[in-house]
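Take a look at the structures listed below.
What follows is a pair of complexes built around chain A, which joins chain B in one and chain C in the other.
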Partner chain A sequence: MERHFDEELSGLKSRLLKMSALVEEVISRSVKALVERKAELVEEVIKNDEVINMLEIEIDELCLKLLALYQPAAVDLRFVCSAMKINNELERIGDQAVNIAERAREVIKEPLLKPLIDIPRMGLLAQKMVKDAIDALVNKDDVLAGEVCRRDDEVDSLNNQIFRELLTYMIEDPKTITRAVELILVGRHLERIADHATNISEDVIYFLKGKNIKHHLEDQ
Partner chain B sequence: MERHFDEELSGLKSRLLKMSALVEEVISRSVKALVERKAELVEEVIKNDEVINMLEIEIDELCLKLLALYQPAAVDLRFVCSAMKINNELERIGDQAVNIAERAREVIKEPLLKPLIDIPRMGLLAQKMVKDAIDALVNKDDVLAGEVCRRDDEVDSLNNQIFRELLTYMIEDPKTITRAVELILVGRHLERIADHATNISEDVIYFLKGKNIKHHLEDQ
Partner chain C sequence: MVKLVHSPYPSGHRQSIVHNETNIRISIRDLNIWYASARAVKDVSLDIEKNKVTAIIGPSGCGKSTLIRAVNRMNDIIPGVKVKGEILLDGKNIYDEDIDVVTIRKMVGMVFQRSNPFPKSIFENVAYGLKINGFPGKKKLAERIEQSLKDAALWDEVKDRLGDSALDLSGGQQQRLCIARALAVEPEVVLFDEPCSALDPVATARIEELIQELKEKYTIVIVTHNMQQAARISDFCTFLMLGELIEFDKTDKIFTTPSKKVTEDYITGRFG
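Entry: the complex of A and B
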């Protein structure tokens, strides 16, 4: 029984890693579609979302099966429950990447508004947060998880900067408005991805320390 | 043991109902703050978010306790796992209401852009979706849950309409840009609330029918 449970648990971990790798890939491709103006990447991101959605259901069902069959306790119970939550966060990150790809599809139909510098930077930061949050889970590294939470502020302020800059474009030339609004929304989507990565890190800390740090990180 | 579990389960249900009532209230107040230009409501929404956040943690811990102590099976296991997810969705809805309140705080500093008709309509729709999703859970009503999922399209198209209308304002008069962008973001936040209500309904259907309808609702 014990051995079976351990096998199932390692199957769960490897599926979460696969899910995370897929999600990191769609973040990267959606931003690339926008920056390099490649419509074929938009369609790739949308197609890959199907795979991510199916994997989410598979992981969810595996978690329920583990709870039902093995009735894990203590740290194992926390791991399975955290895995359910993290799985859900990863799927939502995939949805945000689809949103970015859909924005990219509109933006690249029109002339370039400006060279995009901060958006790809923000994309890389957000993607790294997702990667590190999952690494923190796999390596049981609560220090790394805490660091990911703190990086959220950096993404937020970059998003604010993008927002303000695009406002000035719109005010100077109304012809830029639709494109600028699309880019503002891309900034928001990336900010949401960073939020989800922060949620994952909080779940990791909960799993590792049995302590809920949500909503009062500043007290840490 | 059985009786204790049933008592704990009904405690869980009443906490979820309380959480939902709080969340419906902040949606309503955040939109009211914007429409009626009341700064004091902004602060109320932000203050109430604390209460919602603490209740989320309480519900989460109760779910884990139920899993650990009683190792529920079948429909009870599905209920506890669904409750964890629904709890999380409700908390995120609360966050969206805070976002709306923060937008309201900016918007009401400037002169009225236009009378707001569609945004409060969208607010009412989104709030009703949350209420009905939780009613579907409590009354085990999968038909109502399915209906909530379908109403998501209505909110999406209303959001699209708001978006397009505000674009025309910005193009005609650049002085309206910052306010119009804030209102576009409010539309987005309301759309997200409707998405969360849809997620809750999907969780309700999963709990009731043991069938995952996520990602392929159109096949139903």
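Entry: the complex of A and C
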């Protein structure tokens, strides 16, 4: 039976997709602003984040409306609740992209400390994690969601690698500290983005399987 | 201690569920019920815990009412009904030959979809079951009636007009009067067959509150068409379809993560 509620749900889904597309875009632009030293991209990221913030409120209101008017149960309830959480994660990813853009604004005022190799790699990985997490939601693909969770380790180890490398620069020459710290922070922000993508994947698995895998509950 | 109880019976419709084994008041075992040649209930096995609310949900004609009526042998009075299987009330099969049906119905009270007070006074309605059972003493009778009306959350509304006709009460009050009437004979189990389907939302909310309070003293089984109602008031929930028990579990499990696709389709309104 086709339900009116299904139309509402697909409306919610398409808004989440739109939000995710915007978020992937700001991740990519914030890293690009840093790597290609483009100040105009910084402002673009900040402006787009406002759109993301408005969309977050819209999605929140829609979810509340669906809960109040339809009192969904089972898979529908899990979807709406997961959507609320995913919405929140996406918004925070947007904030992290703004953080990266702000670091970029400072970094590009100074001469290049070193060629940036790991940071753009991390950026691509994190962005792909967000994309795949949302694809897993839309395509109801719990295998993909599980894979996204596992990719988080890769991003973490890149972040550690960046930190160790920049530490050697700072030890050798204290004059590099300001620039190195900025880059360490960028690594940290990207690592946080990957964490948010992992959270999204966990929410997707809860929606699809009704199983909570957060905090390694399953292993306990 | 809560442990996973697996039914000792080998048949295919068994459900294992987290039940506290010592708290089981009613055990339905391999129950089959026929109306002439039509089988309305098929191999249903189910444990009902004491001092809990167990809801039975399912689409129209799935056998919910037939099943609940079997628990106090109300189906006996319908011609052509055949019952096979066991219903153990505190370990004793209520379909055994040496069982007195009247005693069973005293132990297992019932409230119906439409309130059905007798065309008598409020007092007489509640007193009826006690009087035909030869309840001794006028003073004690009055006390019991007051207590029953209080348990049914009706006392404050009717205490000054116990002699008035029960038919002058509102629909919601009539239904609570029927609950008081059922409680007066001090049953162990109270069956509710869609008790709110003829009531407005306010009267429904009162009955739901009442059921929550009643489970302190009684074991409750309720058939309902209203899924939100089952979700709100029950501890355990049974989903029946075409006479078969599809899923039985804790209510919060059924409404968040049901194990079966059909259950999910039903409670999310994809069919039914």
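Everything that follows uses one rule, which is that the second predicted complex is superposed on the first by the 215 of 220 C-alpha atoms of A that agree within 3 Å, B and C clash if a C-alpha of one lies under 4 Å from a C-alpha of the other, contacts with A are read in each partner's own complex, and residues count from 1 in each chain.
Rule of thumb we're sticking to: a residue touches a chain if its C-beta (ideal position, glycine included) is under 8 Å from a C-beta of that chain, and two chains touch if they have at least 3 such contacts.
All of these numbers come straight from a predicted model, not from anything done at the bench.
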Task = Using the superposition on chain A described above, determine whether A:D60 touches chain B (first), chain C (second), both, or neither.
result = first
Request  = Considering only the touch criterion stated at the top, classify A:A39 as touching first (chain B), second (chain C), both, or neither.
outcome  = neither
Query = What is the contact status of A:R3 with respect to chain B (first) and chain C (second): first, second, both, or neither?
reply = second
Query = Once the shared chain is lined up, is A:K214 touching chain B (first), chain C (second), both, or neither of them?
reply = first
Note = Of the two partners chain B and chain C, more of chain A gets touched by chain B
Inquiry  = Quick check for you: in the superposed arrangement, does A:R78 touch first (chain B), second (chain C), both or neither?
reply    = both
Note = On chain A, the footprints of chain B and chain C overlap at residues 71, 73-74, 77-78
Remark   = Residue positions on chain C within touch of chain A in the complex are 227-228, 231, 254-258, 263-264, 267-271
Ask   = Inside the complex, what are the residues of chain B that reach chain A?
value = 50, 53-54, 56-57, 60-61, 63-64, 67-68, 71, 73-74, 77-78, 81, 84-85, 88, 167, 170-171, 174, 177-178, 181, 184-185, 188, 212, 214-215
Query = How about chain A: which of its residues touch chain C in the complex?
reply = 1, 3, 5, 71-78, 210-211
